[in-house]
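Note that chain A is present in both complexes that follow, paired respectively with chain B and with chain C.
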Partner chain A sequence: MEQFAALVRAKDNKPLRYLIVDDSIFARKNLAKMLESFGGEVAGEAGDGCTAITEYERLHPDLVLMDITMPQMEGIEAAERIVRQYPQARVVMVSSVGYQENIVAALQKGARHFVQKPVKADVLYEVVRYVMGDDVLTPQTVGAGGQ
Partner chain B sequence: MSLFPEERQSELKELFFETAAELLQALNEEALSLEHRPGDAELVREVRRTVHTLKGDSAACGFEELSSLAHDLEDVLTPELARTNGRKLAEIVLAAADVFSSMLDAYRGEAPIPSAAPIREQIRQLVARPEPKNIVPYKLSGRFAWTEYEQIAIERAQNQGQNIYNIALAVDPTCPMKSAAMQLVKNVLCQLGDLLATFPDSSIPAEQIDVMEFAVASSQPQDVFTTKCRIPSIISDVLVETASFAQSVQQEPAIHVHEDPGDVLGIADPNAEASETSASGVSQSTSVKLRVDAERIDAVLNLVGELVIGKSMLMQNISEFDKRFQKDPLRTRFVDALAFQARVLNDLQKSVMKIRMVPVEQLFRRFPRIVRDVAKTCGKEVVLQLSGEETDLDKSILDTLAEPLSHLVRNSVDHGIETSEQRVAAGKTPQGRIRLNAFHQGNQIVIECSDDGAGIDRYKLVSKAVEKGIITRDEAERISDTEALHLIFHPGLSTADEVTAISGRGVGMDIVKSVIEQLKGTISIDSKPGAGTTFLLKVPLTLAIIKALMFRVSDRLYAIPLASVLEIARASASDVHRVDQHEVMQLRDQVLTLIRMGQLVNRGPLPVNKKIFVVVITVADRKFGLIVDRLVGEEELVIKALHDQLAATEFVSGASILGDGSVVLILNLPAIVARLGKAPALMEAVTA
Partner chain C sequence: MKMELIQPFINSADAVLAQSLQCETRVGDVSMEEETYRRKGVAAIIEINGDIEGRIILDTDPRTAMHIAAHLAAGEVEASDDLVRETICELANMVIGNAITSLNDQGFRFKISPPQVHAAEQGLSGNEETEALVMCFETPKGSVFMNIAMHYNRRRKEERTAAVAG
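Moving on to the complex of A and B:
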């Protein structure tokens, strides 16, 4: 298993809090495990766009990982609504090559980034770091043994 | 790649096996549907989504064989390929599903993984993929050859004292989603400053872009750009320089494309979607599919219609010939030739019709989702059963039916089905059941939408109708069950909110009815309190040609669809009685409401002593007797639409031309029944 230097929030040195949105439980668990290996905390999960919005309002996570194709409300719409309401929201779309046009649409509507499925842990790690920018730190102490 | 410790991994695997089994089930179903509707883009996307989920999940579990096969399969699941080679594609998906399934078994039992080579070969043949391209290592250097217009913008920004940066970004060659990448880069740059110039422009397919160049006006320092532009997994190299104008404009911007030999501006790129159709579809497939404009088919259909008219012209002349030259041996030869021609014409007509036919499944497919969504919103448990999906129906009719049928299904879930508690209390299963069924019945298709819910309370419905002044109290007492149920189609009732709460079904039912009637169809209801409600939609198989019964009224020729004729009876004027302002007649054990077709032309009452013909018709479950003067016969009529100015009456739904050139009006039975069957006042006026 790859080791990642834990990512913490710059403002309070606490773990990053994530909201994972995907209609596949499997995909959610998989992402959750990766994020935990980054030292993050999965604040919530949602299986569809509607739930994603309410969960965002409830949890105000640092970062949202959002699947594109979901029942009830598609990821794009959910992303758009979240960002419209909370412009500071960081939403990263998670999807496959086949849905490129949807990703473009999501980016136009305020998503910050995208990762391709199947998600590779190292890519996701870099994307999280990039999207969080200056708001995230990698403390030296935890970073020992990192890649 | 093993991401997690052993025990977590096995936990994940269990979860995977569970979900994978479901995915395979779905995949099989979808592939079967794809076989029925090979060109259906939506369906292909569905299949792709399933395959894609399978791919992602298996990759995460480290099942590389499965994942890579899924990956290959996913690549060929494009709407374009489905259009050109859909059946083959469906076949491959089904075959792949089998391979997936045996792979899963192998993973689970830790047996040797079965080879995917044969199926891969099939996939490969389907697309005849081009040789992998050599990606030439690119040393990043910016050209920054902006157009004149862009230069003006840049200079203006410079004059305003902003920093201008020229940025060249090398796109990571492994990045599979370049248009998304392009969008992301633009997003990032727009956040940092004003995007003044972009190269290449949107006319170049994103997939062929290796390097993007931008000019940005910004107050941010240069290193912010360098950091922000280094987007993980998307941008492999970044070059940011402060722009020093004026640069030469002469230099034509070269287009960054893959170094593909013989590739002119990427137009001939066999990977490009546009050319995929012609490249792989035609040459590869054994059963060639054509996409044809619906208009062209309609044109053929029209010509066939003219031929049908021609046939009846011949028929007419031959029967004339028959009468004149009864002994002529040529006669039988004419008849034979005509019979042959008629048969071929019949086949031709059917074949052309078939082109327009699509299985009703296309329509039904949307309902599992609708039912699920509505049920969820209402907090009910509802199972949807579909049957007869393979029944064919004219595409245009099918499209028109979509809305009303959705409405019925929604209503059934929303109002028809009770909540689980109510159901259990009533001794039913907690899960409600909605059934959609389709089948052919003569020249019509019947779509049945039934639920096992509470049924419609006809007494509440009737009392509401009385309250709203739709029927009188007097009528209410005499109203039959069928008539009572049909009240829900009354616009006055349907818009009343309270009724929705009581009867359950009100909103927009009148619209449902009117759409069905536009299609020359009928809708009928059967509802048993406590046991559920069934709606029967009957629509003609096609709008173009109908079998009709023709008759004369006051020397005018009319036709009605044969499908709505039950029988023809003869009666004498003395059999006609008057009950409650309606003329009725006893036919065996039933009392039949009569409609004098003579009223249509306002020619007054019939001679009293004559025997009359009564054509017994059924409109939305109710029987009526049409009194006509003379029966002419059955004929296949090619319906010609009438312009609004020509048909100033709702009674006529179309017209047709007969072999002898005479024009016959095709009557719109629902409208006639609605008006003449229920308007005693009018009848009084005419018959008095």
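Moving on to the complex of A and C:
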């Protein structure tokens, strides 16, 4: 897998911690590999929206990657519940269903961005950087800050 | 079954397989399924509900499924591994999700169910209303079959026609 400049948290220079939510074990493994190639740490995984909420409360990850079509509770509802309780939560929807209504609904419920499957690592990397904003550093910005 | 319904699935399968397997794909045989569907090996089924209703099955023989899973997992997997079935389910999810994104942009409204492993020896057959079309996509890992059986939701279609006329 392609390697990327590591993304670290600005506040403590530690790896970004992610929660991956997808009912497909394959999809979770695939995303985990990409996030690790960004220098990140997978803090937890969930296979449905209900588990995602409890895992968010337990882990408080820096970023959540959330599928939409899942059993029990769909991703948009889970994202809404997480963001309602934790307004600072950063949730990125990751789904093969990328029509406009779905994207708009997800953004209205508090998601920060949308990535369509199949996920391209370089696209996901840029989305993570964008969504984390000033709370993430890359080696270049670490170096610039230190001079 | 209208071509306007089929084409997005062909385009999507072609694009998703090519991107996921990082290879060229070729659309092989296309046929109408008259007999009851019999799966070829590892199959995932997704149901569609809304303006269009029906189901789509993505299916490969066990050896091809294992090769695809090994490629995507970047490692060896066993034919009996759950990861093989998961991989085919996720491929189906991506193919169908991308296709319905395209159809939704054309004005059709519907939802898909999460993919399920299709374990029965026989599935739904086509009928007068729900014809089943089987397409074969040739990839370097082997053949991937897509079996589509769907039809317009008559009530929704009448409502749409009435709305346009009104």
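Some notes on this structure:
As a working rule, the second predicted complex is superposed on the first by the 134 of 147 C-alpha atoms of A that agree within 3 Å, B and C clash if a C-alpha of one lies under 4 Å from a C-alpha of the other, contacts with A are read in each partner's own complex, and residues count from 1 in each chain.
Here is the rule we go by: contacts are C-beta pairs under 8 Å (C-beta built on N, C-alpha and C of every residue); 3 or more make two chains touch, one makes a residue touch a chain.
Predicted model, so just to flag it, every value in this text is computed and none were measured.
With both structures placed on the common chain, the touch criterion links A:79 to neither chain B nor chain C.
By the touch criterion defined above, A:24 lies against chain B and chain C together after alignment on the C-alpha atoms of chain A. In the superposition on chain A, A:127 makes contact with chain B only, not with chain C.
In the superposition on chain A, A:117 makes contact with both chain B and chain C.
In the superposed model, A:69 lies in contact with both chain B and chain C.
When the two complexes are overlaid on their common chain A, residue A:108 makes contact with chain B while staying clear of chain C. Legend: residue contacts after superposition of the two complexes on their common chain; A:89 is shown touching neither chain B nor chain C.
Of the two partner chains placed around the shared chain by superposition, chain B and chain C are both touched by A:100.
Ranked by how many residues of chain A each touches, chain B and chain C are led by B.
Using the contact criterion defined above for the overlaid structures, shared-chain residue A:16 touches neither chain B nor chain C, since it reaches no partner.
When the two complexes are superposed on chain A, the residues of chain A that touch both chain B and chain C are 1, 24-27, 29-30, 33, 69, 71, 96-98, 100-101, 116-118. Chain C meets chain A in the complex at residues 16, 19-20, 69, 72-74, 82-83, 86-87, 89-90, 93-98, 100-101, 104-105, 112-115. Per the touch definition, chain B reaches chain A in the complex via residues 2-5, 8, 12, 15-16, 19, 48-49, 52-53, 55-57, 59-60, 67, 74, 77, 176-177, 179-180, 183-184, 187, 230-233, 369, 372-373.
Residues of chain A that touch chain C in their complex: 1, 23-27, 29-30, 33, 69-71, 95-101, 116-118, 120. Only residues 1-2, 24-27, 29-30, 33-34, 37, 69, 71-72, 96-98, 100-101, 103-104, 107-108, 112-119, 121, 123, 126-127, 129-130 of chain A touch chain B when the two sit together in their complex.
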